[in-house]
Amino acid sequence: MTDLDALKEEVFRANTELVRLGLVTGTWGNASAVDRSRGLVVIKPSGVDYASMAPGDMAVVDLDGREIGTGLRPSSDTPTHLELYRAFDGIGGVVHTHSPHATMFAQASREIPCLGTTHADHFKGPVPVTRFLSEAEVRGEYERETGRLIVERFRGLDPLATPGVLVAGHAPFAWGAHAAAAVENSLVLERVAQLALGTLGLDAGIGALPEYIQEKHYRRKHGPDAYYGQGKIPPS
Amino acid sequence: MTDLDALKEEVFRANTELVRLGLVTGTWGNASAVDRSRGLVVIKPSGVDYASMAPGDMAVVDLDGREIGTGLRPSSDTPTHLELYRAFDGIGGVVHTHSPHATMFAQASREIPCLGTTHADHFKGPVPVTRFLSEAEVRGEYERETGRLIVERFRGLDPLATPGVLVAGHAPFAWGAHAAAAVENSLVLERVAQLALGTLGLDAGIGALPEYIQEKHYRRKHGPDAYYGQGKIPPS
Amino acid sequence: MTDLDALKEEVFRANTELVRLGLVTGTWGNASAVDRSRGLVVIKPSGVDYASMAPGDMAVVDLDGREIGTGLRPSSDTPTHLELYRAFDGIGGVVHTHSPHATMFAQASREIPCLGTTHADHFKGPVPVTRFLSEAEVRGEYERETGRLIVERFRGLDPLATPGVLVAGHAPFAWGAHAAAAVENSLVLERVAQLALGTLGLDAGIGALPEYIQEKHYRRKHGPDAYYGQGKIPPS
Amino acid sequence: MTDLDALKEEVFRANTELVRLGLVTGTWGNASAVDRSRGLVVIKPSGVDYASMAPGDMAVVDLDGREIGTGLRPSSDTPTHLELYRAFDGIGGVVHTHSPHATMFAQASREIPCLGTTHADHFKGPVPVTRFLSEAEVRGEYERETGRLIVERFRGLDPLATPGVLVAGHAPFAWGAHAAAAVENSLVLERVAQLALGTLGLDAGIGALPEYIQEKHYRRKHGPDAYYGQGKIPPS
């Protein structure tokens, strides 16, 4: 199996996982992965039913969006994915869903505050929300402008520390080191949105989790002092 | 298999799909399709359990509601379906459910505002809500008046651009080019209702998605410039 | 198979159906049925896991609560069921669950108003809520007093037209002509509670569905003019 | 099979049960059990996928946290479990989840009031919430301090009568006589949180269930006068 076939298999699995996890309804979602050495991106084909999809159906484009080979047409959101791959060096996979609770925050143009350790374990600080695209941006290269909008929002933020965003009036995008990590981050984004919605229902004016607890949990799983998992020795 | 048998098979599949998608509880729902060339409508039989239903059980009526053949009695909502087929030329299938979130808006006599692109991709503008039927209308041909009520609400609206409605104090109806499209639109209607309920919980005073984004998303999937799916080439 | 074996089979199926429908968690629920000709009630055994239950495990008591045979002990809620069988002549089955949305209304000591046709199709008027039991009643024959409390609440109401109740601070009870009908009514009660909760979230001050629509929908399925199902001919 | 193998099997089953019951997402949860005669605790390994776990993968530590044998590393939450085993003599199993509704209350730093008999049947009084850990405690032995925080909160409370707690800004912990009982208590904790959230949505100012009803239900299932289940004879 060539590297490209392996990447198609990985992207296929990531897209079917989105369905299994209940993150997508119908065809509302897509996952992609990049092979930076060859400058190729593999992504879900546009408007194809998940049930009838096979690994070989995954579309291939270069980082400028040129379709490679004679496969199915790539997702109409491909230009958004490409902008993220071009701007965020460390990422290997991107996922877009309309998962319900994250989309509720996106529709309300409201960031998801860090209200607990579930959030702090995976996202550094709030999950940011973009501005709305201008009329000119929408009339232009809409999907590409959506990618630029996300990149603009991440000026001064680390996309690897905060691996997801809410596009105002639209829905979430998430990413990670590879396609499976992007899927996991989009699942976590949906769960922390659900938790935040219920927490705000109990106390609309609640503040963020104390900074020192946010930092502790983030570092417990990430960075040089991480000790979660089978890698390192915990302090106690 | 005759055309009528094929239509019965299609309507049977549409009704069972409503159960699989979690859009109906018990027998609270029905799907139908029309064969305009022969003036026949095939619809779920009345009060029959989905589990025990077979394609041959689908009821057949003409567009005036006369039962054809010796099958089971048609759904008591049949006169509503017939009004829609008579008034909305372009539609080939109709679905009625009591799906929870759409029914919550119907019970609140509240239209579903277009708060995001999930909505804009499928419904042009808000999902409208009807007035309540008058006592005279209810005491008359109730189910037929319900159909007339929907048609009245759609004066000045395009039923193909906005393929669904909320009947005040009752529940949603959705339609499409054929039975399967009507099922998909009733699923989308339920999902956008769920998203709107959560969004309004975060910001009760939120306004609609900017008009130019609504228009962009609707056109991305519909009309001459559509480029979603495997048909056309995207701009970027 | 004797009549009693048949009734045990029916009650067993009703109890397992409660699990399949997601109306019970753990052992929080019970279904029973009465054989009025012999004055016997068959009911779920107390605190037994649904997964390990067999038809033969169903407990049998007479209408005074005396255990018949050497089977498992009846549900601790049996005295409540018996009060209902003694007071409501027309009922053949009783179901108790802690289904989430109905229990939320019970915990809030709030009746479920009739806000739509889903409710009106199955329950005449609001689903009533009882008062709290007094300390003396609780210290006495608690489960029996719970049954008397429900009967007290139904003075002036028709238990067959409104086949369910919310016990304040506790949970719902539902009943019907037989065990399966009681199960269906407890499912409907949960669904209308879910719909009402969401509707009140959209409009806390909403009024009941117009009386003439409530009456129409109730009569469409019940009483001499019923035309829902395969029995009668619809007006149109 | 040695006692230790049996305990590993029990802890493995408890951890997989958490997934089956929908109480954990990804690896966000862990169950443990103690063998007090030998001073050993068996617990889920850290950051291991539930799907690929086997009984032999369960980690073993002594009550001071020293890893026994050459198995996988114990959960990073192990020091919290150990504090609970050391302080609460009667408990044999501990479970930690981020179950959604219980976590919403934890994130809101809000105890779960006893609003109904579902709660009263399993938890005596409200489910308590801890304070936030101080910065010094977080910078120290964080997981161990979390255990001490819970023990501090239970001064004057009976951990067997109230077998669970909400850690502020984090999530719930529950416990019981053995691992399976701890799993059941964490399921009940999630359900009563869900019920309380909906009840508070209907009446934000609602008070607790009358004390005499709380006491009756708790005693019906617990203590010398218990008559729920197959053990004792009910009063009526």
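Miscellaneous remarks
Should a chain be cited, it is by its letter among A, B, C and D, assigned in written order, with residues numbered from 1 in that chain.
Just so it is clear, a contact is a pair of C-beta atoms (placed from the backbone, for glycine too) under 8 Å apart; a residue touches a chain by one contact, two chains touch by 3 or more.
Computed from a prediction, not measured in an experiment: that's the story for all the values here.
Looking at chain A and chain B, no chain is in contact with each of them. Chain centres here are means of the Cα atoms, and by that rule the chain farthest away from chain C is A. For the pair chain B and chain D, the distance between mean C-alpha positions equals 46 Å. Note: centroid distance chain C to chain D, computed from Cα atoms, is 33 Å. Residue positions 201 of chain A each touch two or more of the other chains. The touch graph of the protein chains shown is a ring with every node of degree two.
Across the interface of their complex, chain A is touched by residues 115-118, 184, 187-188, 191, 194-196, 198-199, 201-203, 206, 209-210, 212-213, 216, 220, 227-230, 233-236 of chain B. For chain B in complex with chain C, the residues that touch the partner chain are 25-26, 28, 45-48, 65, 72-73, 76, 78-79, 98, 100-101, 103-108, 110, 132-133, 135, 138-139, 141-144, 169-171, 197, 200-201.
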